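There are structures below to look over.
Here come two complexes built around chain A, the first alongside chain B, the second alongside chain C.
Let's look at the complex of A and B:
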């Protein structure tokens, strides 16, 4: 025990005296939160479209107004779609809506074939589907108003769909992206930093001098782990504060639950970092492995931006290997929904199993030997 | 004595040899990009597939059953669970067993038969608001179509408008058509950056840089000799991914290959300039790795790849003017999908010349200043 505290004191001093660890633990989270918070926004609040009015009558004028008044669209008017085709190619607009020539006549005659053409920029698939959805919405609302004006009230639509978005009523993607990005930041701190720092010890040979002392390998590992764990919790606190105070993301769970989820995740992340460093023993290789095995999965396979359910089956299975997937779910739930225990316990159990595997592998891999 | 060109040529040969003779270096040049490409291509999608919904159908009439039937028949909804209590909806959403819950009220069929507006409640998981909005779009489309049919049968057709939705450049909104062209730029950038930023730092750490300095090479010649191999590797990597994208993944390439080569060359020059700059200001490999990382994460995040640039706040959109990747992604998507003209490619390429020139100049300046 006395040896362990001595080791912890040594590691802590090492962290405090090395400015670069401090930068990674506290400055980098701020930078990343800033970039993710402002840069990654999936809400296409104002999509620029071109509206081609081939038919100029009072009827179409009211439809045009419906488009220009939409809070989701920024409309530029034109008479000919060719005016907009080039804009669509260079991405100045994301869609063209064409009100065709016989629009009012067809409306009046009720031929049942009133067409409205929507051309979206398929090179941006996500925006394109929003262009289609928003146009559909504008037209439906307009039809309803028209019907009401003519005195045919609510019966206009036989079925009304009333959507309600729970836990994020204003549909701000930031509310789920920012908590998710905390998981990425914690991955960087847990895995990348430990992998780099410990592989540096191998590279510089200071690990050898530790081995010459009477401490056991478990004590060495614990001595490394505990200070970084404390630092991780510190930077989690910082992230949570920024998240709720600066970005106004609600926090509906409880802090003990957040602490529990973070601790389990940090165990897994630190375990992975330790394993990487004892396999690589070289800073360059360690940083590359950490990038490939920790950072990229955190970005791509965690459900942070990309829906896991939409991925092909083999990749969905692969995501279970990464603790960060469970951490993203836990964070999004704790921030937006609350303590959903069945889900949280499932996530924490999975992260715990993953961390056990990492530690088992690390202790097997790290022997008090110099040739390995 | 050799001529200047001869000396530079010798250095280029030496650089390429060190890169390919080192097994670790070889692995890093080839394995990560391929792995990333496969994972990114399959995992990175904002499409919503394999949707799980919960249905609470209180209606005993035929209309409720028909709607359930239609939802079940849609390929997007792969997992439908029925519940018989309203209280069962919340846990299903909370625990993410379903992204949407559809509640059909008791008097649903009766309302339709009586010509009253029937209401249908859809509850969506706002924790994943982007996916939830798309799911809501699917559900609304199915139900509105059914509503229109009812009206057609009744013969009371209200004025309706058929929206003829098209997506140019990518008719089926395949997300892969967006991801893979972007990857040509992202992965080529990553490799070119790692190669340049580490080459000088590693030589400095190993002490071989001093050997270069005592050779007859002038500082500027060293800079040129470091630049050209990285440019060659970056272009090769970009072309490799381009080839895989159009052959293995069947992505169409509509534009001119020469234009692609031209834009790729200038983009890689700008990237290498940035890499050399990072290399020139960092003293150790670790610093170079961190420097690369600090550049790369914002470059990818603020490029329009993770989220559209137009969704960012205005001031941040201005910052993206400094990001070489942002310009190149426009060109890439333009050339792959839209057959962009030389004029439009040039509009998105000349800023890269400025970025490249500036970073090269700064790298050279720091480089020679360090040496003196």
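Let's look at the complex of A and C:
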């Protein structure tokens, strides 16, 4: 026990003295939260389009008004699509919507086929689909109003779609990005930092001199685990406060549940860090492995940015290997939904299994030897 | 006879991917109350042997018993009774002196008054009492070494293992550490001191000499010296300007197995029962044998005096003006003056050595001479070109061999040669010719496709020299060129250098090896950024000659002069 306290005290002193450790644990989360909170925004509000009105009649005038009043679109008007072609090419506008010459006639005839042309930049499919969807939405609403104005009941239109979103009613991407980014931060502290500090001990020869003392491997490992676990929880607290107070992300779960989920995840992340450091004995290699095996999966395979269900099947299966995937789900659930116990227990169990695997491998791999 | 602390039998250790074993059938024993020197060049297997004793490595064949415990199965018990200082001292640089000690004391369950007494004793012993609150990273090399020793001694070990404690440490700190370890022996501790400095071996009670994993000798150093007794000579009274030529000629003579420059004299080792060759000038004087003589003898003699490299170098034009002219060179980093008002000139075909303790300003001077650092004040000229204004022209006249050879470990031999020749502006046919020439001169043909990182040390050394001289520079800068390499390789290296100097190449060298410094025509001794003495090796020795010290070595001169300067500084400060 005294050895363990000595190891922990030593590690804590090093953490407190090394500004970079501190920066990774406390300043970096703030920067990341800032980036994900403000910088990265998957919603597209106010897309600029060019609206070409070839057919200037009262009918089209109200449609044009519907476009200009849309809170998703910023509309510039023109008579000829050629006016906008150049702007579209250089990216000043994201799409062109053409109201063709025979629009009012077709409307009046009620042939059922009224044409609008939408031209969008296919090089940016995401934005192109926004243009298409927003245009469609505007036209739908306009058609309903037209119908009502003409005294036809709304029932004349067969289907009305009234979307309603649960848990994130405003569909703010910030609300799920910010909790997700906490998972990234915990990965960095848990895996990257631990892997780096241990490989630093190898590099500087301190590990070798420690191994020649009566200290046991378990003590060495625990001496690393405990301080970084505490640091991870500290960083988590900071992140949660910043999320809820500064970024107004709702928190609908309970704190004990959050603590439990974080603890289990930190075990897995730390276990991975320890395993990496038992394989890689210099900082460069350790950071490369941590980057490939922990940070990038956290970013790409956790469902944090890219929806897991839309990934190819083999990749979907692969995501189950990474504890971070379960942690992102837990966090998003806790922040946006609440304590959904069946889901949380499933996630925590999975993370626990993964951490056990890491610890089993680490204790097998790490020996008080240099050639093992 | 006392019980040995360590008994080693038939030890063989092989690492994956190496064709030769790191240790090959080594048997020996280590006695308490002795300093056992584990001696040999880099890659001889010294560190491997120590790690095997600690139980950090497991042998392929053979056994080790430390204090009666098996190193393979009872490593835990061994860790209780040993103190181990790995290379680089194994200190936490971001912890203070006392925190490092605290940590090791806690790991060894040392507490209460016993702990306090031990700390007081160790701090006093290592002279670190005044520096308890200083971060280990902020200590000088010598102080780090002492702290490392203190940490290793906390558990009152029966066996103290020191892995190359004197690497990168100046001769003064080395002597202090030696004296400290000597003091410990009275308590009956066994000390293993590994080193590649052969002069340290002579002072050990017992020596295990390793080369390429094999044990060449095991026993008291005096017995080994006895094997070359009567065969070691100096040639004295030769004209100073001709000593290199005389050496080269001697090395070609039958029966001469080794020869080195020693100040203005030449040291020769003869083969057994061979008559000394006749001398055109000077006379033979018998001298005491050295450990290195014996080592070379066991290895079957030095490399001979012929340098193919020098044959290919065109004679450098004669010059009245100094090739290197340094005037009032000063470098300040903030408040700290690293180099203060350094002035020296080096003539064509001269070897100039820059010596000094760690942190004295050698490297800073060197970097300014290569145009890597801008001086704060003063100027430096190479072949008349101002390094400040004509940096790149001046650099093209310079060949630079950096510490640890600075090769690209992931490039193979040819790629390294191509890269460096390109850097020095060689191209087309001339580049190809020079590369082929270097391959032939340095015998690199069989290693062409090998990565520089995996080359044997001796070949790394050759390749690094090849890279530095391919463009036929007028001036060669060598930064600790032979540290860690075996004496044979070192002699081969100096044979090339000497032969090039004869052709008019000018050489500037920094080194911690005193026998390397002996090759210098003149030495500038630097301490605290200032040039405290300049002169031939013999001049410096004369400066410290006294009744107590009638025959000072260069190391004596170094230590005494630095000490004197230190006292003068203190006097000035108090005044």
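Just so we're on the same page, the second predicted complex is superposed on the first by the 370 of 372 C-alpha atoms of A that agree within 3 Å, B and C clash if a C-alpha of one lies under 4 Å from a C-alpha of the other, contacts with A are read in each partner's own complex, and residues count from 1 in each chain.
Just so it is clear, a residue touches a chain if its C-beta (ideal position, glycine included) is under 8 Å from a C-beta of that chain, and two chains touch if they have at least 3 such contacts.
None of these values were measured; they are calculated from a predicted model.
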{"item": "Overlay on chain A: chain C relative to chain B, clash or fit", "value": "clash"}
{"item": "Contacts of A:265 with chain B and chain C, given as first, second, both or neither", "value": "neither"}
{"item": "Which superposed partner A:17 touches (first chain B, second chain C, both, neither)", "value": "second"}
{"item": "Which superposed partner A:247 touches (first chain B, second chain C, both, neither)", "value": "neither"}
{"item": "Partner chain in contact with A:229 - chain B first, chain C second, else both or neither", "value": "neither"}
{"item": "First (chain B), second (chain C), both or neither touched by A:359", "value": "neither"}
{"item": "Touching partner for A:209 - first (chain B), second (chain C), both, neither", "value": "second"}
{"item": "First, second, both or neither for A:88, with chain B first and chain C second", "value": "first"}
{"item": "Touching partner for A:300 - first (chain B), second (chain C), both, neither", "value": "first"}
{"item": "Larger contact residue set on chain A - chain B or chain C", "value": "B"}
{"item": "416-424, 434-442 or 488-496: stretch of chain C that collides with chain B", "value": "416-424"}
{"item": "Chain C residues within the chain A interface of the complex", "value": "15, 51, 54-58, 75-76, 79-80, 82-95, 99, 102-104, 106-109, 111, 148, 151-152, 155, 161"}
{"item": "Chain A-touching residues of chain B, taken from the complex the two chains share", "value": "24, 28, 32, 35-36, 39-40, 42-52, 91, 93-96, 99, 112, 115-134, 136-137, 139-141, 143-144, 146-147, 150-151, 157-175, 177-178, 198, 202, 285-287, 289-290, 293-294, 297-298, 301-302, 306-308, 310-313, 316, 330, 333-334, 337-338, 340, 344, 347"}
{"item": "In the complex with chain C, residue positions of chain A that touch it", "value": "2-3, 5-7, 9-10, 13-14, 17-18, 204-206, 208-216, 368-371"}
{"item": "Touch list for chain A against partner chain B, complex", "value": "20, 24, 28, 31-32, 35-36, 38-45, 47-48, 88-91, 94, 107, 110, 112-130, 132-133, 135-136, 139-140, 143, 146-147, 152, 154-169, 171-173, 175-176, 196, 200, 283-285, 287-288, 291-292, 296, 300-301, 305-307, 309-312, 315, 329, 332-333, 336-337, 340, 342-343"}
